[in-house]
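Take this structure, written in structure tokens, and hold onto it; I'll ask about it next.
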Amino acid sequence: MTNKTALVISAHSADFVWRCGGAIALHQKRGYDVTVVCLSYGERGESAKLWKQEGMTLDKVKTERRKEAENAAAALNAHDIQFFDLGDYPLELDREAKDRLVDVIRKVQPQFMLTHSKYDPYNTDHMYASQVTLEARMIAQAWGHNPGEKVLGAPQVYLFEPHQTEQMGWKPDTFLDISEVWEQKRAAIECMQGQEHLWDYYTNVAQNRGNHFRRNSGGQSGGRAATHAEGFQSIFPRTVDEL
Amino acid sequence: MTNKTALVISAHSADFVWRCGGAIALHQKRGYDVTVVCLSYGERGESAKLWKQEGMTLDKVKTERRKEAENAAAALNAHDIQFFDLGDYPLELDREAKDRLVDVIRKVQPQFMLTHSKYDPYNTDHMYASQVTLEARMIAQAWGHNPGEKVLGAPQVYLFEPHQTEQMGWKPDTFLDISEVWEQKRAAIECMQGQEHLWDYYTNVAQNRGNHFRRNSGGQSGGRAATHAEGFQSIFPRTVDEL
Amino acid sequence: MTNKTALVISAHSADFVWRCGGAIALHQKRGYDVTVVCLSYGERGESAKLWKQEGMTLDKVKTERRKEAENAAAALNAHDIQFFDLGDYPLELDREAKDRLVDVIRKVQPQFMLTHSKYDPYNTDHMYASQVTLEARMIAQAWGHNPGEKVLGAPQVYLFEPHQTEQMGWKPDTFLDISEVWEQKRAAIECMQGQEHLWDYYTNVAQNRGNHFRRNSGGQSGGRAATHAEGFQSIFPRTVDEL
Amino acid sequence: MTNKTALVISAHSADFVWRCGGAIALHQKRGYDVTVVCLSYGERGESAKLWKQEGMTLDKVKTERRKEAENAAAALNAHDIQFFDLGDYPLELDREAKDRLVDVIRKVQPQFMLTHSKYDPYNTDHMYASQVTLEARMIAQAWGHNPGEKVLGAPQVYLFEPHQTEQMGWKPDTFLDISEVWEQKRAAIECMQGQEHLWDYYTNVAQNRGNHFRRNSGGQSGGRAATHAEGFQSIFPRTVDEL
Amino acid sequence: MTNKTALVISAHSADFVWRCGGAIALHQKRGYDVTVVCLSYGERGESAKLWKQEGMTLDKVKTERRKEAENAAAALNAHDIQFFDLGDYPLELDREAKDRLVDVIRKVQPQFMLTHSKYDPYNTDHMYASQVTLEARMIAQAWGHNPGEKVLGAPQVYLFEPHQTEQMGWKPDTFLDISEVWEQKRAAIECMQGQEHLWDYYTNVAQNRGNHFRRNSGGQSGGRAATHAEGFQSIFPRTVDEL
Amino acid sequence: MTNKTALVISAHSADFVWRCGGAIALHQKRGYDVTVVCLSYGERGESAKLWKQEGMTLDKVKTERRKEAENAAAALNAHDIQFFDLGDYPLELDREAKDRLVDVIRKVQPQFMLTHSKYDPYNTDHMYASQVTLEARMIAQAWGHNPGEKVLGAPQVYLFEPHQTEQMGWKPDTFLDISEVWEQKRAAIECMQGQEHLWDYYTNVAQNRGNHFRRNSGGQSGGRAATHAEGFQSIFPRTVDEL
């Protein structure tokens, strides 16, 4: 019997850590195989600290960013991490790159996918990655794309938490309790040596989302005692047998 | 051990049939006790066919509407149906009526609640009922309201399907498979003698929502073979242990 | 044969002039009987100039405002103008006042209705009037409200142009060419002695809406040569035999 | 004297049938010449049934899909159907393909255009076709594009009904009575051999839109007795001489 | 010369502390006189901890809540705090209570006002307070309301940060650096003995809003080194002499 | 000491005149250096009058449009105007053109940027320019883009006023008093010989925005006596020390 699977599509190599590190660790623990695709290293736009060092080059930045991401993925016990190295600021996918993404989607056959918010005026790479994810998901569902391969079903696409949520028009409809894997997420966060200014920021986020989990699971009469949580926005409706 | 419970708040006495009759029958089958509150009979505004009869009076209309609603509730095997008889077109709840609604909520302690869409320019009773439901839920959560009573937790509020969904800004995020109770829902629909023009309309709705269920559960690779479904929009985020 | 009819519901006695004076004059010319209901005189909140005069009283303000509104209605050749004198800032309608409004609606049996925008943070009377209009329209449609009276059909409700349109979230979907009655509208505007600062403002509006009319009727290849227009937002979908 | 004209821009070769087949047949009957442009055959993404057959090839699928679309167009009595064969899943238009579309628009000089909804997370081809339609319309209006040709006026763009309307944020503002051509639409639908699972679905849609037509044309007092209708969302405001 | 002034309208007695305590302390320091109006004590709905104590009564809860609020106001050095004691869950203002609020507004003549978000499905008191604030501001501007009194100008209304911002559709457009008064805000927060579970929550919020302040004032090139901030959403446009 | 700077990104060569001519003149007067980038001349799509002349060529149109724009820039005393000559209807920026735009942004280091609205179904060039501006701003902030250059901070992006504002979903949150430079703006407007039909249109706009300035700065009690104003919508939140 094969494991259940999930797929994370991250514009830059650190996004998956802050935004859904808990979901990765938790689903691994629940028996899922979680694959992470980093479309770029964020080498130009999200590596300010490295670029301030003397004699820095694009290759050195990429190497460093890759190392950090691999360490974080290991801390989260992610099943697989793939680096597409497509460049950032701006991120661009030509037809070949899109097909490569479709190949991964089909191979993984994820129960659900995770990616960026629909809108982000600060970071157009993010919203582009979100749009490309929907396009690739559609292609992966096409019976005429590489006929003979197993076509994709209809996995949910969850948009993970962006920075400055309200500016992105992002509204979470699902809170995931990540209390039991918080230590792993914090460890992964600390792998991000170049962005230490965000460690406490995303710790605060996780704690406050824990409060939201408690509120929404029980109100003033006492909800589930989650200490840390992550929020997600669903693109598609759910199909259920019980409300 | 007590059953799980659910609560439907319906502006007029027929709304619960078209909009969530399947959910009522299904959850009863799953062991829930489902209570229906009809805030009015819809005696003035939704009983055109009766009013066209010679010698009709408000009392006769109410009696007729009550009978139909009771029959429909029976067809759906609803646990309880209560008629608040508050008048319609317009529906108005004073403080006493709100407290009465709070009392029912607290008594039922529902796992989830069902009511109307947030907006309805055709029928202001509907959006008023939706707004009052949120207000009553809030009061039911207050420790200082009738201290000593058991306060309400944080049940989801699902908005059931309005007529002309797009005009109401209603967007379903949850589809419930009601295939196994469709015959019951159709039977309940047929109790609504005064609104026969809607029987086939809501049969079409149920069939097409079945298509949406299949699409969202499986896409082109074949989803779950639901023949009939109902759609719901959630007000609050879900709290989960697995995405 | 009876004339076609239209009904304007105006929160304060001057609103109908700026916002749909052209529509009134034009439809009168087309053979409609247009009735205007002024829910209040705008005596407290929209009569600053009068209140700055020595010895002013509420009654004097009302008398003055009524005179201006009657003059304006005459200039527009309105069929009828009714003053409900319900008070303003805030405007409030109890059940009796609502029933009175319903009576007018039923009596007029309008082909279409005109009222305020759905939202107005500057002037809560405006959005309240808009909401009450929908409620009264619904009651007027009820077969059980004063059984025996002719019930209302399904007239369109057009929201006329508010001040500072973008702040109100008002988006016109219909432009009416009022070129041929512009002189009448200007004359009506000049009846509003107390608000002279708005004469040129609404003349500018009418000219620029004329530009929008031309654009949308013909683009760069030359549209209809309207010099003045008014914009409206529809609440309900249209039913047509040709697109 | 030349006929009035209309133009349908369809991402895949079957879209025009489900979404505006009634409008095509009806306007042909009213004396319009309606041209249909199929940007692709939907050969990869919307032909699952064909691909499940042994030995299927892309060319065979295209041939089959073209045949079905031509049969449907004939059933609707469409004036012209053109196949751009640009590929699907994803659909992409380079500058040359856009110019080709502009050429058709200028040649047809449509009174109105029909295309897809603005948003569609299930099918990015649909929203791309909608966006390209606006771009091509704009180019067709430019006096400096192929100077000497007749420039386009300002035709309305109607967005036809998508699948799962609420998920697309699509809100119809216009209902067209297609009762008198329903048999033609049903016949066209039955030409779509590969998508038989949608026949009843879109029959249900047409019946329920008929109910919406009746409601919006007359409310409870009895509207126009339409049995079938289609809904459309307008992009641009209308310009009228009477409300 | 008189001081500049500001006015906070808080549904329950603790809201002003979490949501704009920093703004109060800071503007006091800048020479403003800040008045706080608590429409209710939050005695029924926001005092769970007190109600769990033996022998608690409504009066005791109010007394306790008032003491906490007064202490917090003192910690923030607020100019004045007024308790309207109108009841909560639900909060309701009759005409007299509205007039009382108008009186305060006119007396204070605030440069700006602070209140709740427009929407809050968890807490209808909050959205009601927001709506009443707009209504009272409008009345305070009316020359005919208590003629002879100084009418209100056009102060901005800032909506302060609600709990679970995204669920309320609240989007901050203004970040205020409260670093220099953070200690005061924390002290005020710690006056709220009954809601200790929120102390760290709102400390996290203040720190993360500090990050947003830095981002928006400088991006990756280093913004202003704010450690704590508060966010606000403006209702009205600003009028400026320089962008 | 160097001047403060601002940057205008205009899809076609006339846009900056109508939409932010006042802001340009005013900030120049306040000591800013304002640079204008015209991505195209609008030679194909916005030069109808020229194309109607005998023997017109693309080069002649461009020359004429450039002359008009330079004259207008001079009238506004703009510091610099640059023509990218990228073509219009449609406007397209390849990677090289984007890099060129980034170079200008970095060289100017603007305190704020001005560009088009997010949405424009009439003119897809406008919304494309708006989107590219955000992308170029992001690239200009990247430490790894042309390492060694001074990276961009976090300048506000203001969306200037589109034609038919409500159709674009544009909502101004900032009104700028341009009374003192109105004569300059009118002079610049009159440089646009090819679009004389818009002279009075944008004069009306400026006057009515003046009314909005007065309303929002003072209400009925008398605001600042601005005669002309321009409106802008901010993309990013402001960071302030006082509300």
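Each chain carries a letter (A, B, C, D, E and F) given by its place in the written order, and its residues are counted from 1.
Here is the rule we go by: a residue touches a chain if its C-beta (ideal position, glycine included) is under 8 Å from a C-beta of that chain, and two chains touch if they have at least 3 such contacts.
Note that the coordinates shown come from a computational prediction; the quantities given were computed from them, not determined experimentally.
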item: Set of chains adjacent to chain E and to chain F; value: A, C
item: Separation of chain E from chain D in steps, with touching chains one step apart; value: 2
item: Path length in steps (a step moves to a chain that is touched) from chain A to chain F; value: 1
item: Same-site or different-site touching of chain B by its copy chain E, using the half cut; value: different
item: Pair joined by the larger number of C-beta contacts - A-B, C-F; value: A-B
item: Centre-of-Cα separation between chain D and chain B, whole angstrom; value: 36
item: Centroid distance [mean C-alpha coordinates] between chain F and chain B, Å; value: 52
item: Chain A residues counted as touching two or more neighbouring chains; value: 48, 122, 141-143, 167, 172, 212, 215, 220, 231, 236-237
item: Chains grouped in pairs wherever the two touch, ordered by label; value: A-B, A-D, A-E, A-F, B-C, B-D, B-E, C-D, C-E, C-F, D-F, E-F
item: Contact footprint of chain B on chain E as seen in their complex; value: 43-45, 47-48, 51-52, 56, 58, 61, 88-90, 92, 121-125, 167
item: Touching residues (chain side chain E, partner chain A) in the complex; value: 48, 122, 163-167, 169-172, 197, 200-201, 204-205, 207-208, 211-212, 215, 220, 231
item: Residues of chain F that touch chain A when the two form their complex; value: 95, 98, 131, 134-135, 138-139, 141-145, 147, 157, 235-237
item: Of chain F, residues touching chain E in the complex; value: 6, 23, 26-27, 30, 112, 141-143, 151-154, 156, 158, 172-177, 212-213, 215-221, 223-224, 226, 229, 231-232, 234, 236-243
